[in-house]
Amino acid sequence: MKVKGAIIAAAAVMAVSAAANAATLDDVKAKGFVQCGVSTGLAGFAFTDANGVWDGFDVTFCRATAAAIFGDANAIKFTPTTGKTRFTALASGEVDILYRNTTWTLSRDVDLGFTFTGVNYYDGQGFMVRKSLGVKSAKELDGATVCIQTGTTTELNLADFFRANGMSYEPVPIETNAEAQQKYLSNACDVYTTDASGLAATRATFEKPGEHALLPEIISKEPLGPLVRQGDDQWADISAWVLNALIIAEEKGVTKANVAKLAADGSADPEVNRLLGKEGSYGEMLGLPADWAVHAISAGGNYGEIFERNVGESTAIGLARGLNQLWSKGGILYAPPFR
Amino acid sequence: MATISSTGDTNFRIGMLIYDTRYRSYTIQIIALIIFMLAAAWLVNNVIENLAALGKTFSFGFLNDTASYDINQRLIDYSSTSSHARAAVVGILNTLLVAILGCITATVVGVVAGVLRLSNNWLIARLMTIYVEGFRNIPVLVWILITVAVINETLPAPNQFRGADPDASPLLGGMLVLTNRGFYIPAPVMGDMSMAVVIVFLLSVGVMIGFRRWAKKRQEATGEILPLLPISLGILFLPTLLVFFLLGMPITLEYPELKGFNFRGGVFMRDSLIGLWLALSLYTGAFTAEIVRAGILAVSKGQSEAAFALGLRPGRTMNLVILPQALRVIVPPLISQYLNLTKNSSLAIAVGYMDATGTLGGISLNQTGKEFECLMLLMAFYLIVSLSISAVMNWYNERVKLRER
Amino acid sequence: MSANREPFVASGDIPPSPPPSSVVGPVAWVRENLFSSIPNAIMTLAGLFIIYSLLASVIPWLFVNSVWNATSLGHCREIDNGACLAVIKERYLQFIYGFYPEAERWRAILTFVLMVVAVWPILFAGAPRKLFYFSAVYPALAYWLIWGGTIWGPVGVMLGPIIAIITYRILSTVLRGTSMEEGIAGVLALIAAGLAMVIWWLLGVELFDGTVSSIVSIGLPVVESDKIGGFLLSTLIGVSGIAGSFPLGIALALGRRSNLLFIKAISTGFIEFIRGVPLITLLFVASTLLNYFLPPGTSFDIILRVVIMVTLFASAYMAEVIRGGLAALPKGQYEAADALGLDYWKSMRLIILPQALKISIPGIVNTFIGLFKDTVLVSVIGLLDPVGILNPIRADQNWNGIVWELYGFISIFFFIFCFGMSRYSQYLERKLQTGHR
């Protein structure tokens, strides 16, 4: 009898653990931190310093998400993922959200069972060559040896581009950015291709960045954004609206410096008040505290501040805002209204 | 024991399931079977539930979809419009290519190093010891990375061959070009009638084998020894060369030439192939050397002394007395080294060589998100290869055993 | 004059005159060993040339022109053209510990020292027997030291087997008191003990951990898995893989030699499957598929998943080594055990396994060396083992483009470790051979 009871108990345990697979937000709250998947290392976007602390553009968005939930930008753990492991890490629940220069495509959104919740960087695939080659356009690359990161959309774009232009090339597949960099620097490939932002970031780490040029052609649209598992709308909403809140904050001039003051004193602009939890119960709708956006903005500033600090023109990477400028200033960054 | 249990059947007690040897094995096996089935069912059920939760299906239909990525080294026709299945086949062939090349060179390296380690030349024996210990005690992945880095970092890039006074130039009168992207060797261009040359060559190979068999029989019958090497070389090459020149040299060589970014023409062996091949053969060669050495040492000294006493020269002693006996010891572990080499070739993924792990278990897996199907196919491929190698080994063991009696 | 009369009588041995210098001494040695024939002389010269060219390039690079103090690769090149060993100086701690927090590194060192203590009674016969208890507790202790957190979790896990033993003892005495047949009672007690352990692990540990922690909380700061890297990670995976594979390997080896058809089939199938696929595919399984096999919603640490797969991998090889040991035992040993009337388990435990394991030790050490070398493959799935840690180093602006120094450092470390181990295994082989053949 005792034995039988034990088996029933064991079965019950399994049933309980199976049922516990409901909402990501509840899981995250129970864990006490957000598990965020990032790149294994890409200057400006996600990298560790000598102490192993993560920083960068994508990393700051992860931290903002954690801050929105817990009020603490450090309630987060990072999982470095390669192009190969990123999707399985998300699908298996190893990470709760993936912020890793991942291009929003139909098949990933639909077939792989993920939900893209926004775009935090509008990118496109570019080419980097040595200036000494004298190449001025990607159309002149017939027969070139091209280094490329495997498991990315860039691999497919590259095949399309060369086929469409009737050119041949020699692909050299590489696992990580660091290896690609080494191959390129030792001249084992003529061209390195990846997202233009990644190229700029990589070039910035070179000893003599001036010897390398980015070709003018951008051969693809690469909207990079966060993604979560399909089927958990609440979690998808949170990740989407943290991103939106940071964009709206830039639009409305809410910065890391003034957010605390605005949150305390209120603002003449009702949308700012709604954003900062002074009016309405938007936090509650999301299942977050009322001042979630205040924390998210305090984590690393608004979108513009995050951009400038990590990859902007004042940094070694020196990316221009370009498409990633607000819609009101000539870019395509456009967040739905906060109401 | 037997007398005790023979009285059992009349009064069966439940304890006999455990204590009676007739029943015990069934009891244990049935319990094991039930546990095994339960575990398997639990795992399969979990997989089904997990896949359902992620909205994924289990099907191999993706294999017919367009792969839309390019592979640099193709032994069969392939383009980015081909299917994932074809990409997998390209990868499998690449695996087999590097495995076969690796096994051949590893054997050569291993035999040479193993014999030299037993050489009475003190310096050479020590050098070989250093080689063997150095390669055996450092992970093969590190060796692969190092060899590819040596090619990438120390050899000249193609554009250093350019200009009136280039930094680097092709070797052997344009026959061999070593660049940091790989090596180029001339490719044969088959003209008209070239098939005739090939057929003649194949025929000569057959004739040569026949001749050697005949010579061996003759030696066993009469004791006369023919100068085997010159005669077989003659049979092998003379007719072929004769036909080749008579037909007006139908087979020509295409030399690699610098055009655009890279050399064109000739046979291109990529840095990843060369590096992987070299590292795998040197690494496996170190193990093979130990096997060969152990095999030779395993033949008792009396055998060689007896052979010398019979007046056999050292070369013949090796060929006729030592090697046939040593091979029996050497071959089984050697074959399992081949198996290891084939499995280690999956490390190609670290240097971008597009083997089965790189295409099927790499890019296809990634682009389609079919982890389950891809890894299952990949494992099945490696299993088939290793089971075939084991089958060869068993066959050999069986053959050797029969001869022994 | 008078001396002239006496004939010469030798009063002792004439001291042997030294052999001619062509037979002994360095000259003769050189002639004998290096220049005994023309081919030999050519090989010697070729060998000397190889040695010279290697040393001529390596020694100036590594010793004469090397730079120890610099802040970046460019800085190194400005100072001298030799090896830029400054990168090693700056990063060697990362090679050893990964990103393990500086303040906690003593824990890693302590774990390693304790490992030596725990391994001592297993590898060397002379150690005090009581240390075995320490070896048994060590895995939980090491887990706690490396990952930190509260101590009661690992203690709770270790209580599992103890609970099982107690359950077994109590139940078997109680059940024997009843009219139940003894065999059935034993088996029931065994099953109950196993279940008690599993239930304890599933339900009790967390409760135990929670309750005791709230009363006495002893704990270390938690260190996340993604901070663990370098040789620490290699050692961690290698040692836990080999330790875990030992019992599993014994079971598989016995299973494969068993005459129970079904058990033999399962064991053989498992061994051949694992040995037939490359480790890297198993690591892919660990990183991508293992979660699919667990109940939905469960997810655990990547290092743990890798350790599981590595353990399964090693156990197949271990099984073959142990099977070799079992096969090498003279048949008389098996027959003697049967003749004594011992049942299967007793004969295995008391007679066969102690001897078979003893002759398997060199093979086991070799398996360990192989496994330790194979741990670098985890870099392919993104863990920061010594090879994986190259990525963050080379991604650093200061050091990108550096190659040889890093590979050299890794190679030397592995060489020292593996070479030492293989020497040890050869020594064991010699020592054991005299006793058994």
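Chains here go by letter, A, B and C, matching the order in which they are written, and residues are numbered from 1 within each.
The definition used in the following text is that contacts are C-beta pairs under 8 Å (C-beta built on N, C-alpha and C of every residue); 3 or more make two chains touch, one makes a residue touch a chain.
None of the values given here were measured: they were computed from a predicted structure.
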Of all other chains, the one whose Cα centre sits farthest from subunit B: A
By count of C-beta pairs in contact, the leading pair of chains: B-C
For subunit A paired with subunit C, centre-to-centre distance based on mean C-alpha positions, whole Å: 40
Distance between the centres, which are taken as Cα means, of subunit B and subunit A, whole angstrom: 43
Interchain centroid distance [CA atoms averaged], subunit B/subunit C, Å: 28
Subunit A: positions in contact with at least two other chains: 18, 21, 88, 175, 182
Shared interface positions of subunit C, touching two or more other chains: 288, 291-292, 295-296, 380, 403
Contacts with two or more other chains, residues of subunit B listed in rising order: 49, 53, 153, 349-350, 371
Residues on subunit B engaged by subunit C in the complex (per definition of touch): 13-15, 17-19, 25, 28-29, 32-33, 36, 43, 46-47, 49-51, 53, 116, 119-124, 127, 133-134, 136-142, 145-146, 149, 153, 343-344, 346-347, 349-350, 357, 361, 371-372, 375, 378-379, 382-383, 385-387, 390
Complex interface listing, subunit A residues touching subunit C: 2-3, 6-7, 9-10, 13-14, 17-18, 20-21, 40-43, 47-48, 51-52, 77-82, 85, 88-89, 92-94, 175-179, 181-182, 185, 204-207, 316
Residues of subunit B touching subunit A in the complex: 49, 53-56, 68-72, 79-81, 152-153, 157, 159, 180-181, 259-262, 264, 271-272, 349-350, 352, 354, 358, 362-363, 365-367, 369, 371
Partner subunit B, residues of subunit A touching it in the complex: 18, 21, 83-84, 87-88, 91, 111-113, 133, 141-145, 150-151, 155-156, 158-160, 162-163, 169-175, 182-183, 186-190, 229-231
Contacting residues of subunit C [partner subunit A, same complex]: 73-74, 98-99, 101-102, 188, 191-192, 195-196, 198-199, 202-203, 224, 226-227, 287-288, 291-292, 295-299, 302, 380-382, 390-392, 394-397, 400-401, 403
